[in-house]
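The chains carry the letters A, B and C, assigned in the order they are written, with residues numbered from 1 in each.
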Amino acid sequence: MKKVLSLILVLALALACSFALAEDASYRVAYIARAQADSFAAWLANAVKEEADKYPDITVDVFDGQANDETENSLIENAITNQYDCIIIQPNNGEAQRPYAEQVVAAGIVCITTNARIDGVEGASSVDADPYEQAAVNARLALEMVPENATAVILRGPAGNFHADKRYEAWQTEFFEKRPDVKVVGDDYANWNKDEAMALMEDWVTANEQPIGLIASMNDNMAAGALEVVKDNPDYANVLTFGVDGTAEACLLIQEGRMTATCLQNAYELAELLLDTAHKLLTGEETEINTDVGNPLYTKDNVQELYDIHVQAGALE
Amino acid sequence: MQAKRSKANLWETLKSKYAIFLVLVVLFVICSLLNKNFLTWNNLTNISRQISVTTILAFGETLLIISGLLDLSNSSVLAFAGTLSVMAYKANGSMLLAILVSIAVAVFCNALNALMTTTFKAPAFIVTLAMQTMARGAALLLTAGQNVYQIGDYTILGQGSVWIIPTPILFMIFFFLVTRYILNDTRFGRSLYAIGGNEAAANASGIAVNKVKTGAYLINGVMVGMAAVLFMSRVNAGLPNGAQGYETEALTTAIIGGTSFTGGIGTAGGTIVGAFIIGFLNNIMNLTSVNSYLQQIIKGLIIALAVIYDIYAKNKRTRKKMGNIEDKQQAA
Amino acid sequence: MQAEIKLEVRDVTKLFPGVKALDHISFQVRRGTTHVLCGENGAGKSTLMKIINGIYTPDEGQILLDGQPVKIQNPIHARSLGISMVFQELSYVPEMTVAENIFLGRWPLDKLHRIDRAEMYRRAQALLDSQGLHYSPYEQLKNLTVSDIQMLEIIKAVSNDPQIVIMDEPTSAITEKETQKLFEMIRKLKEKGACVIYISHKLDEIFQIADEITVLRDGTMVDSKPASELDIDDVIQMMVGRRMENKYPYEEVPKGDVLLDVKNFNSSGVFRDINFHIRAGEIVGFAGLMGAGRTEVVRALFGLDPSDGGTVTIKGSAKTKLSVQGNIADGLVMLSEDRRRYGLVPIRSVMENVSLANLKKFIYKGHLHRREERDAVQEQCQRMNVKTPTLETTVEALSGGNQQKIVLAKWMEVNPDILLMDEPTRGIDVGAKYEIYKLMIELAKSGKALLMVSSELPELLGMCDRIYVLSQGRITGELKRSEFSAEKIMAYAIGTIQD
């Protein structure tokens, strides 16, 4: 029984590997994703795969860094060993992946860092959306909108996460330091999760008689969670809520007038630019490219544009 | 004579047998004093709603741990079953179908768990850990890692209320009663205790050990499936990443509630008490805005203390019983 | 020197909530003697030993060592005072080797405070050799039999030259040969001037080694006398408070149909060609040395172990497959020799244990009727004379005799027709033994078929209608009651004569 089982396993593995080898194209690109379980990173990875289909001479393999520096670093090493022509790194933590990005360059492989870029890796290119700026555009808008002496809550991503920390830093620098009148009555980790944000928000609403005026969330998921809690609460009809990512859910919430603004990390745009950059570098058209996608802010006024993007991508109907 | 003794020792019995319940009462009183918002209908329903999903998982976990098994896959299976259920609802519009899909998927995953642990005698820890990875992978694959939105009236179960009681709480109470019934009033429940307490003896007493273990996993599957519907409906989305870490939360709940990790001991009442201990703790620390790093430390400490107190009280009881036996034997 | 008093227990009283477990107990143990402690379960022997070993502290009275009062804090303190104890319940680490277990917690260390493995195994080997034990110090404990482990436990206790050795039922799980080895060991200890406190239910062996005998009953002292002034009957009388007229309540019972018929029963490498039958109203014995295959045959019959070949006919219908559940349904049950492992769920209550095998009797439409269950269990416990404070008490808190009665009560609940009883009286006291014998006769009278496996020849001779003798996995002899003799059985058992 056991022998048969292990035989089947070995065969399956061999089959899977040979299929992987069978795909032959002139350029092999390894895309090392931060975490496939992180919905933005997964979106981006999907977009990269879709975009790659438009290039007959490029095949992309996606690897999952599982939000773990160790895993991500070993994936990069494996990709070098496997002699990919180009390695795209979406770092989990820029500093942790820096030496590995340098190894990629040293191995003579085209290296692109993205979302966020690892600065100053000689010989490497980058395509970026800057997490600091994504939150900063929200914070600057909030600066004008939040009434005096309002109370605020902050929903944070996982402790130690690069994007979470950068966005939090932006809110502190661009908003809270400039607005000492705003009192923070809740500041906690909801780890990007909607359900955790809901539990926190429920408790905060109970604990504060004065309705909370500002929900500063480090991503749209958590913002949507907080809004889920207060959706039928008349005291919270005017709560200002900011998020990052530009998810389909946030788009709908802004359309309904329940969410204030979100900054789009446009995965499609990033993917387009990434593949374009990769192609140019691989064909030798250029040797180093550093480029950025914008950090467009969507509010009620321009949300239709965001809606169109999602409809086009099939995420909304 | 027996009645007399039990009356005289009422407090003692209470202290030893229901030690963890006393911990909860003390915690409740302290919380009420710490923050005026704690003891309000709104807040108490909030807490109950917040703990409902993990508590339902904990009931399944309780049944399994009692019989010497374990489920580490419930969080992932929840995500997998839940997202499939949401998709089924979006495609078809029938809530009943959505619930059935969720339960069927969760029961299927647990049937695999059962097969591996009984037929192949693989340790439950490893089997369900493998299932955890597989089910999460399946959920992510299914949705390409993206949340499923616009789920419409799917939210009714998780967000609705019957009169003034939120539906998730009703489900939690329902599963509490089911678990209690299973453990106290059925042959199956007794078999769970016997298997967890001494599998060899249970087998030698004619209990169909593998059947009972399989049954425990299947019931766990039903609970996970229902918890999945409540979870997705509460968060108003199909979250393939949802419920991460719920397996530890459910385990902790059961263990705090006095379920013995070595099997053979545990009650439904204990588990729900454990759930409220965790619920009160999380809630009061948020209400009083304790620094979130500090929260983790305090939570860990209190959990450890509660369990130590419970064990201490139980040991005292056992020792007392030994004394009583000699007493009884002399009387006889 | 010989008369010098090493240990004195003076007026020791121990109170448990609401009761006196020990009531002013006094006795003296002299150097170089064996002091035997007798008493029924619950008489207070174990409590007394736990006080001497530092597990309990006395509420009144004193323990004197060499004439000096001492307060023994805990077992480690006791050990440092030269007291070591052999427990009835075996305590060992199954995954560790023999040597590691012998030196558990006091492993020999080298200069760098690392465990000196070479030294440890050398010393363990020497110890095993000196006691004539055949197994290797590198063997893992889990591979040894219960009796091997019990011997090891004894060696462990004597390995650090103690001045006082307490032995609680040391022979309950070992063979006759090993018992003689143990007695040899005790003699050597005595020669070195150590004293041995020996607790046992086996009255015949007590007299082989006892210098003095103290009898306890219900927590009080009955008497303490030199062994030479007593005989077995005296001791029994002192223990139970009355004279036991007949140790074995055997009665001639009319025999009925053959209820169990076993033909050419085989299990490759374990036993072969087993042929026997039991009639209604009959008590049949299985005699033989340890390892003769008696337990194995019984386990295979009950469906716990696999068998390959043979015909088993239960109440007239031949069984193609033997399974525990099928057997129970057919009215065949087995009482295991290892009741803690196969008989009981120690951490659960008396009630749950008793009703375990026949829960479906109390189920109506899937619902367990606890009232009815309780009544039935209560009745069964009364019938078996189980002594327990409540039905909710966990079984692990009860004495060995009571535990065995609970296993019996469990099977009585099933109302079986055929009972396979493997060592039904192992490790339980005279009173409880007698109760079990009486139950066996009662069952035989009501037309049940009983099989009794025992290593105690006297009880087989006393209780059985017929005895089969096994040797090396085969039945080598069969004796009717009129032909019973210990010599013949031994001859069959060691294989000097064969049918």
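Assume a contact is a pair of C-beta atoms (placed from the backbone, for glycine too) under 8 Å apart; a residue touches a chain by one contact, two chains touch by 3 or more.
For clarity, every value in this text was computed on a predicted model and none was experimentally measured.
Q: Quick one: which chains contact subunit A and subunit B both?
A: Looking at subunit B and subunit A together, no chain touches each of them.
Q: Can you identify the chain nearest the overall CA centroid, using each chain's own CA centroid?
A: B
Q: Which whole number of Å gives the spacing of the CA centres of subunit A and subunit B?
A: 34
Q: Return the distance between the CA-based centres of subunit B and subunit C, expressed in whole Å.
A: 41
Q: Provide the C-alpha centroid distance between subunit A and subunit C, rounded to the nearest whole angstrom.
A: For subunit A versus subunit C, the centre distance works out to 69 Å.
Q: Any idea which subunit A residues touch subunit B in the complex?
A: It comes out as residues 36-39, 41-43, 45-46, 185-189, 191-195, 198-200, 202-204, 206-207, 221, 224-225, 228, 247-249, 252, 315-317.
Q: Mind listing the subunit C positions that touch subunit B in their complex?
A: Listed in rising order, the residues are 16-21, 41-42, 44, 47, 218-219, 302, 304, 324-325, 327-329, 334, 336, 341-348, 352, 355-357, 359-360, 363, 366-368, 370, 387-390, 393-394, 397-399, 410.
Q: Which bits of subunit B are touching subunit C when the two form their complex?
A: 2, 5, 184-187, 189-191, 193-194, 197-198, 200-208, 260, 264-265, 318, 320-330, 332
Q: Show me the residue ranges of subunit B that touch subunit A in the complex, using the header's touch definition.
A: 35, 37, 40, 42-43, 46, 49-50, 136, 140, 144-147, 149-150, 231, 234-237, 239-244, 282-283, 286-289, 292
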